[in-house]
């Protein structure tokens, strides 16, 4: 039974969420393109958005790259480059991770507060807008708590358990036993994270997939031409 | 208030004399976080908070006092104190406060600005300029905004707009709007389905003043950028004028045909009322050329503030007095120059002289007075051109105002299947359906399309 | 014409044969075209356009031709009226109720679109010179009264107005955005609350050529606007919605 629970949580659930992400993204971009937008509420409130949005986005994007580094890059690679485990945890995880996490947290606190207390913003929010903000807030808190709780679990190295499992997800052979020794707080963060992944494409979050980087390389004025009549 | 030093729309020249969006270069937007928060964007209160009235309370139970319907926010439903709205300063309302905020008034002394005796005003209907060097298009990081190659109409692709809102602030005329239900940008479409059929836009068609004209202009697209980089802002009007090509020049016609421009288009360009007014007679001017947008809706400066002043002063006996009048009326002339020519006063004056001369000539002609026709040459008119200009401006026949070629879209796409594709399917709560519901009901009740048309289609606009 | 059609959009009605437009083929109403195009005599004593009135009462008052009469002396309240406690900064202004920009004659236009197009409720126009004297700023609430009635409205301060005069455009609805007047404790009235028709002896003439009373055809001319109002800030804006 315990096994079934683990399989459900660490195999079926993550895959379900990833599938949902892929499926939703395809559906949204192929059939419902016209609905994809950043759902800006800047027109309704500016000051809190300025601080909240800037700080949150910088934090969350840094945190995203932090996750890529921490999870996807095996310990052996960093060791190969002569980065010791202590150095990694101290600088990489604790300092940079915490920094990014705190930025994201501060930003999200402001944004969530704004979303629920500013009358104009609140009434124009869809329920998914509210859920997204709360879910991100909770996930960020759990993530920060995990990082900061590192010293409490001196024997636990997520790069030997959690990260390995996460990479295995990509090779389609996750070993759920690796997750058994992981502290609860990490587990909760992972579950929330995958939940967000799952509903990502159905909410305003899709906007993150549409960063218009091409703009930098494009000429200013865009002309579009119909096929010419002969 | 239009103040692009504050909202940072349009273009400016950077230190190298090259065009750059006033809001900052490209990298600075996508790379440096402006995309997360657009610092130049106006807030709702800079426009106004839409309201409605609680009309239902007027039908409530009997009370001591007469009932009252108060303004409630359409967004939050809360009772509002109205402090701003569209046309809030209509007809010089609140002028002591609002005149101060008008940057076009900056150079005019304060006491003249708000003096009853010197009061002048004009209406300036503003719409999207469908600029040649459109900063809204240049600002859009998603590439959702584009200029149509075939007719220059600037549109927002709703499928590609992601709501980054750079266009709203990039447009110095503030003619891109944010739909707070779809969270996307929307703007004037120049009624392109009508234009494609050779029909004028609805605003032009229904203008009771018959002041709107639509015609074809041929221009050299490759020279737009360098024209917009003209350093002196009072020369921008002439730089734009220089872009327009003479549709009667055989060399131009040959080149146009070679570039795939249809004969119908060229023929319309030759009869274009816009070409006549802007290039030949030079009585029409672009709105705020100093934004370096190369705007394509041009304005004829009004003679009325000057005429009003002048008609009280012996104008019947001495009609020629209007010319010194134009020189004396510094305030309206400077104001017009700051609106329409980036400060080029002589260009405005010569247009006003020409309009005044045409008026004097026609007045003499219709009232059977003598007129020394040699005077017409002073402003570059002849008896013939004065009369035909008068016909174009004052009689303003439909066929003279609108000379629009058909696009013959049917040759390039299946017109049948394109028909009726509104493009707003996904909008929550802003589809046309509620208004058109009654029409569908009529159809279900067995009314013929002709009947429904007769009842609901009036002057080119659906009404039901 | 049906109920449905008049609720759908404005429709014109020409109820009496006295209206003088030779409408055909959807032309707009244009007065006197019947008389000019179809040569139907004008409905005057002479059958022509007539400016001179040779009726003896008009002669007695010297009004055979249009002529200038000075306005009545400024009077806001008269002896014997209810006393209203005056305000130190009160102004006495000539009160005029011209036709509005967006409506024709007394057509009400208090729908959402029209009200959104300007200030969203009752308003009066006055000059900056008068406004300064009474400490009034644009968009302040004002109380405007005379012996006939009270209006509450927001101030529109504009140098388009000459000093000494006030406009309240016709037909602004008194049930929209109209607070209670402090003077009466009741809701303020409409633009016509302070006005009163003055009957002149010349208006008693009837049964003589064109001088025959007909509804909306010939009646007392609009000299009910020749009056003054006292203008002051509305101290307490009380809506009293119950």
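Labels for the chains are A, B and C, by order of writing; each one numbers its residues from 1.
In this section, contacts are C-beta pairs under 8 Å (C-beta built on N, C-alpha and C of every residue); 3 or more make two chains touch, one makes a residue touch a chain.
Quantities reported herein were computed from a predicted structural model and do not represent experimental measurements.
Shown here, the protein chains touch in a chain-like sequence that does not close on itself. With centres taken as mean C-alpha coordinates, the chain found closest to the middle of all protein C-alpha atoms is B. Centroids built from CA atoms put chain C at 35 Å from chain B. Separating the centre of chain A from that of chain B, both taken as means of CA atoms, is a distance of 45 Å. Rounded to whole angstrom units, the spacing between the C-alpha centres of chain A and chain C is 66. Touching chain A in their complex are the following residues of chain B: 19, 21, 26-27, 29-31, 33, 35-39, 41-44, 75-78, 133-134, 137-138, 140-143, 145-150, 158-165, 178, 180, 182-184, 224, 260, 262, 408-409, 411-413, 423, 425-426. Residues of chain A touching chain B in their complex: 32-40, 42-46, 49-50, 53-54, 57-58, 119-120, 123-124, 207, 210-216, 218, 220-230.
Residues 50-53, 57-58, 63-71, 82-83, 85-88, 90-97, 99, 114-116, 119, 121, 455, 458, 463-464 of chain B are the ones that touch chain C when the two sit in their complex. Of all residues in chain C, those touching chain B in their complex are 8-9, 101, 112, 115-121, 125, 127-128, 131, 138-139, 156-163, 174-180, 186-187, 239-242.
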